[in-house]
Amino acid sequence: MLYSEIITESIRKLADYKSFKVLCHQQHEGTPMPSLATLEEIVHLSRSIIFPGYFGNAAVDRATIKYHIGMEVERLYQLLSEQIMAGLCFSCSEPPPQSHASSIAATFIERLPQLRQMLADDVIATYLGDPASKSYGEVIFCYPALRAISNYRIAHELLVLGVPLIPRIISELAHSETGIDIHPGAVIGNSFTIDHGTGVVIGETTIIGNHVKLYQGVTLGAKSFPLDEKGNPIKGIPRHPVIEDDVIIYSNSTILGRVTVGKGAIIGGNIWIDTDIEPGAKIIQASGKK
Amino acid sequence: MLYSEIITESIRKLADYKSFKVLCHQQHEGTPMPSLATLEEIVHLSRSIIFPGYFGNAAVDRATIKYHIGMEVERLYQLLSEQIMAGLCFSCSEPPPQSHASSIAATFIERLPQLRQMLADDVIATYLGDPASKSYGEVIFCYPALRAISNYRIAHELLVLGVPLIPRIISELAHSETGIDIHPGAVIGNSFTIDHGTGVVIGETTIIGNHVKLYQGVTLGAKSFPLDEKGNPIKGIPRHPVIEDDVIIYSNSTILGRVTVGKGAIIGGNIWIDTDIEPGAKIIQASGKK
Amino acid sequence: MLYSEIITESIRKLADYKSFKVLCHQQHEGTPMPSLATLEEIVHLSRSIIFPGYFGNAAVDRATIKYHIGMEVERLYQLLSEQIMAGLCFSCSEPPPQSHASSIAATFIERLPQLRQMLADDVIATYLGDPASKSYGEVIFCYPALRAISNYRIAHELLVLGVPLIPRIISELAHSETGIDIHPGAVIGNSFTIDHGTGVVIGETTIIGNHVKLYQGVTLGAKSFPLDEKGNPIKGIPRHPVIEDDVIIYSNSTILGRVTVGKGAIIGGNIWIDTDIEPGAKIIQASGKK
Amino acid sequence: MLYSEIITESIRKLADYKSFKVLCHQQHEGTPMPSLATLEEIVHLSRSIIFPGYFGNAAVDRATIKYHIGMEVERLYQLLSEQIMAGLCFSCSEPPPQSHASSIAATFIERLPQLRQMLADDVIATYLGDPASKSYGEVIFCYPALRAISNYRIAHELLVLGVPLIPRIISELAHSETGIDIHPGAVIGNSFTIDHGTGVVIGETTIIGNHVKLYQGVTLGAKSFPLDEKGNPIKGIPRHPVIEDDVIIYSNSTILGRVTVGKGAIIGGNIWIDTDIEPGAKIIQASGKK
Amino acid sequence: MLYSEIITESIRKLADYKSFKVLCHQQHEGTPMPSLATLEEIVHLSRSIIFPGYFGNAAVDRATIKYHIGMEVERLYQLLSEQIMAGLCFSCSEPPPQSHASSIAATFIERLPQLRQMLADDVIATYLGDPASKSYGEVIFCYPALRAISNYRIAHELLVLGVPLIPRIISELAHSETGIDIHPGAVIGNSFTIDHGTGVVIGETTIIGNHVKLYQGVTLGAKSFPLDEKGNPIKGIPRHPVIEDDVIIYSNSTILGRVTVGKGAIIGGNIWIDTDIEPGAKIIQASGKK
Amino acid sequence: MLYSEIITESIRKLADYKSFKVLCHQQHEGTPMPSLATLEEIVHLSRSIIFPGYFGNAAVDRATIKYHIGMEVERLYQLLSEQIMAGLCFSCSEPPPQSHASSIAATFIERLPQLRQMLADDVIATYLGDPASKSYGEVIFCYPALRAISNYRIAHELLVLGVPLIPRIISELAHSETGIDIHPGAVIGNSFTIDHGTGVVIGETTIIGNHVKLYQGVTLGAKSFPLDEKGNPIKGIPRHPVIEDDVIIYSNSTILGRVTVGKGAIIGGNIWIDTDIEPGAKIIQASGKK
């Protein structure tokens, strides 16, 4: 029958390795590729461990918390070892020993208590800074920024531990969930907050100090980048802004290039900046013309 | 073995109540916290009841609709009673009787037919106002704004009935899904439409009249807010705009503070406004310079 | 008991067909409406077939790929036939024969190998154009734009084959996932890339050439549209921009109306344009005032 | 690699239609075969409808029962129409119209209230006859015989309505669950009970009156059957016992052939019978020798 | 349409409370009935706790076992409290306080370590007594008798604690799984083994000593029971055998009535006994006649 | 609180390794134990591969069968390699290389086409021998014996390939499903059939010829077994019957010990045999006494 022939022929073409071009990634024999579904579970587990009761099982209490956290940490260690291995194999020509991946996973888990402290500081800063927030709990439950920052802090930790690819996927999971795009390579201080958040972009080489607050739609981006002899961008050069302590940047403003926004500066909304800003400066936009 | 010791020690630290700081919320004995998964099901059920066939079971028809809606309303009542109770316990020092939560849930369900009428008006307004929409059905299936407005109307109703926390979580579920962030405290009239919608922010004390249309990236935000003696923002003060009937605001414009945009005014795109706008005014931006 | 009476009465009202107004869509007897859950599976299957290993089963390899793709294509054909039929029935007064829907599904599948080539070109262009991307694989795994463009290319193909409604739902699934809103009616050339992407809007009658690059928040929208005698917008008139080859448009800029941005032009960020732009022009915005 | 070649070659052989011999059943184009999983759901739905609260949702009550039963009957009608069609297609050379299958399904559903009455009588008889049973509810929850008899009564009804194959699968589902094997072709009167039940076999042409009670391990079987000219058994000839009203047969006894056990007879345990038994007779076995 | 009318009318009849007769059980307002699915989970959890690694998670090890058992015991306590409450409400006219059910659940859990010891003795006895068994592990994994005895010991414990109905359902779950029917009211000593087991029946008032071994098809049943003035059996009278220590009963033998099989007696296969048997006696059957 | 203390203390005791006694099996570090759930999936996959359409996906057809079987065989290979490894590790002091387990799995798969032929012969023999069976398809769908024989032939093959424990678990899965208990060590010829089947037991060292037919409740068992110096049974000695070609054994008969039932003999029902039977003999039981 005709349709069935069309389909059989299409399957033949689609299963032909030559048709993959750049889409075909040759993993080492028997090593699966990173799995989006597993990485989602890793994010979910990490959140459950850091914020018990808020994410994961809503009925956890003092008597049972140690069993819950025990199970979750065990599973996190397992999945993370496996995905770190997948990430290492994806990017190397020679697969490392599994023990290397397991060692990174264990080190990551060792840092979880500290990650929780940093995220608690982010929660406090958010609560104090927003008149609409009624409790710490509301911040944890409702503020997308907290999820994006959690994923960023997890992903950044893994990046620092030398894991390729996986951190980027983790931060994109939060990007999809919240509309906030923080590259895991950025360096971000304590008590960081983002309000509303949709459309925020924080680029790979951005450096952000302590007590910084951003609003929705803020871009900390690259202005232009040097090309190599083939006309392609040279990778890895510092090209995003440095935002010093106590800066506030209002909604939809764009700061481009390796410029510095000085300590305590306030950048108003809908503003385009590509030069250094003095500490303490206040930059505002003219209102629309009538 | 070493890794297993690291993990065991990390579990001990992570399960230690002292490590939770502000993350630890002390619910009343035996009362679970609000559950994101259950609240997602509540949103899904409400949409299925209001728009049968579009959400939920695609094969519902005249003969079977009463059984479907009966089952869904029953389950909605049950889940809502439970989550309202969780919300009340989260925020009070003394847990209310369960009958109080159930009574609110029943009242909410009683208002569902009216909510359906309001949302039908929103659908009609969207269809009429967008040359790209081919049918009412396309609006219901495809327009993210309709989902955001549905969640807003549900959440607002619960807020009016005195439910804490839960409304905010419900509106954030739509924020994550659509990029549209409408605070449940806002007051929004009939026949409200948002086109595309990503990045729209509507703050807690915003008031919007009838037949208003917003485009993507519009912020109705707070400009600044009075601090208390400790330097923290005072909560609950009216600080967002009032948008009167028949206003249109084009993409990426920002209106800040307790200003009024008068009836029938048109605000162009990429505009920053922090003063009152006359009824009928047209505000536009200059084009980019070449 | 009182609550149970309230609920029974509410069910009665909610199941009453008169209460549906425009929400009630009368499908042909026995034809289910389009199903969001099934369309999500269709998108997932298409991605698995086009990018094996990245989406779907992470452990697929050369030995097993033909079975995986065979199963997936078969299931795609089945689900697509069913949903195309649902889409055709939704919009016509007379249901077409099922063979018509199946024929469209088979033709779509026949074009999948070509779709894979186009998307491979999009991947290459993205990799070459972004200094932050480390490999083709990272682009496929992490760049939301690739998902939005995949859904667009799938949806556009179905639209060209005459399928109503379904393409629009498919592109909205990507909108929800990525914050990038591309109407399936737009015509987009090869090697198309979007960086970060949140807030991008590409309208129904937009035409985009080859090697075009957009950044987050860019709107290619309609400026105004003629109304019919009843004051409603006339549907289907070309009203969105034409973007010629090799154009770059930076973040949060807005281009409105049936204007042409000439070959090789560069539009800076946060710019508002509603007139034609010369080929090769560079349009930039002034920095914020201090 | 070697293993992968072995597996590829095995797949080739296993997918070769010539290798199927009698295992290959040629269904009509596009008609799926009966599905064990769907038939299990059909049994589960039927039990939920007949015994609400005991099977299916444990929380059903007077207020909600009509929605539950409505949903379940609708789904039962759908699945049954589909499986009856599959059964009809399995056994005929020419597929009947779908409406024929649907008509049988509707007739079956019409008889459900009567089936419930018959099963209620079986429950009463079981309760009254067993000193170990504490309530009607215990009989419904705990007595495997009730499940086997339920499946039999359902399967017999479908057989009478002319459905091939499906009734036999339904009675085997109970056989697997309970160890009680009742052929759907048997004719069984009211108030039928089986105690314990494991190992009971009731053959295709058995006839059982009212108020009959069997114990575990009882066989009502065929003794021998005439062979046709090829030496194969002739199918469809009456060859199993007739058990008249009020008979009791104790554990592990075997009654073979078209013999009649007269009204009110009592057959002791571990007895082998292949001749008629007088009404009112008591047949017992000698005790074991020491 | 006709079918849909038939179905609507059938639903009406099936939802009519008058049609339920004895099938209708009136639970106390708001108390769900016992749930077969939950009781299956309770059995599964109990087995996982008692035999970690064999049932439940196969990867449990020394490092993680405390978290697994902690989680499982917590969940068991919860589900058991709920089902014990359902069982108490099913059988009483006045619902007891929930704390009564929780107290029984806690007491049951307190006895789990002792239950594990008893079952370990059953495992040892089975291993030593069967030349086909290769290891203790094989007994736990493969011997259906161990599952039936586990469920019996669990159910008996609950019965002793005063829980109605639930124990009987638990023992029937094993009956369905293994073909072994042990009434929870029976009293069974240590080191009890059953080989193969299908068809074994052990009645409500049976008493079995230590080190007893049964083979498949053995019935320990009631012979006859006194009727009350209405001709119905009087419930609760001792009517099943007493089997003393060290007895072996071979396959398919039947022992009926309140008779005693003395210490160390051996009963051959296919034997029918309704009188006392001396300690140490050997009862065998004549072979079949040729 | 009291209950929570009881539970915490019970968890402590239950997680204490000393409490496990014989229940504690010390697997090699990091090797999970065999998994009942995975072995169930292995049985399900094997049946789907051998009898496509009957088990697994009911909609498989000529066009798609190669993809289905490809996927299933791949997954079978994977799961089987893993479970064979678990079985080998369970029983050895030194874990073998994984390649050993994979090699056995590949060999097993290589023999699947031949297994299918043997099972097809069993189906034909069943169909021809039972007047109640209407088609080959009915035998495959409805006869529990076919499932028990399938599991036996799979398990026997694995046993021959040197896999410990796993075969026994696989045959017990069928025992639970069908009440037919066939030890994987038995040797069974072609065209083997069992009617009804509940209660059949075929012991470890049984040898059965071609064209043998058994009825329900037949035991082929061991009579007695020599004890070692400690009084425990010596394992592995031939102790079950030899049943030659063309024998029929009717329901509930028991044949014990290493006796031979000669070619073509017919054994009636409810008979106890522990001596050799001549070829061609007919053994029958006297009827019950009146």
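Chains here go by letter, A, B, C, D, E and F, matching the order in which they are written, and residues are numbered from 1 within each.
Here is the rule we go by: a contact is a pair of C-beta atoms (placed from the backbone, for glycine too) under 8 Å apart; a residue touches a chain by one contact, two chains touch by 3 or more.
Keep in mind it's a predicted model, so treat the numbers as computed, not measured.
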On a C-alpha centroid basis, what's the spacing between chain C and chain F, in Å? 54
Which chain B residues reach two or more other chains? 7, 11, 63, 66-67, 70, 74, 179, 198-199, 217, 252, 268, 270, 285-286
Topology of the chain contact graph, where touching chains are joined (line, ring, star, complete, other): other
Name the touching chain pairs, please: which are they? A-B, A-C, A-E, A-F, B-C, B-D, B-E, C-D, C-F, D-E, D-F, E-F
Where on chain B does chain D make contact in their complex? 63-64, 66-68, 70-71, 74
Quick one: in the complex, what on chain F touches chain A? 4, 7-8, 11, 63, 67
Given the complex with chain B, which residues does chain A contribute to the contact? 49-55, 58-59, 61-62, 65-66, 69-70, 73-74, 77, 102-103, 106-107, 109-110, 112-113, 116-117, 119-120, 123-124, 127-138, 140-144, 177-179, 196, 198-199, 215-217, 251-252, 268-270, 285-290
Where on chain D is chain F touching in the complex? 2-3, 6-7, 9-11, 13-15, 17, 19-23, 25, 27, 32-36, 38, 86, 90-91, 164-165, 168-169, 172, 175-176, 179, 181, 183, 185, 198-199, 201, 203-204, 217, 219, 221-222, 225, 232-237, 239, 252-254, 256, 267-268, 270-275, 277, 281-286
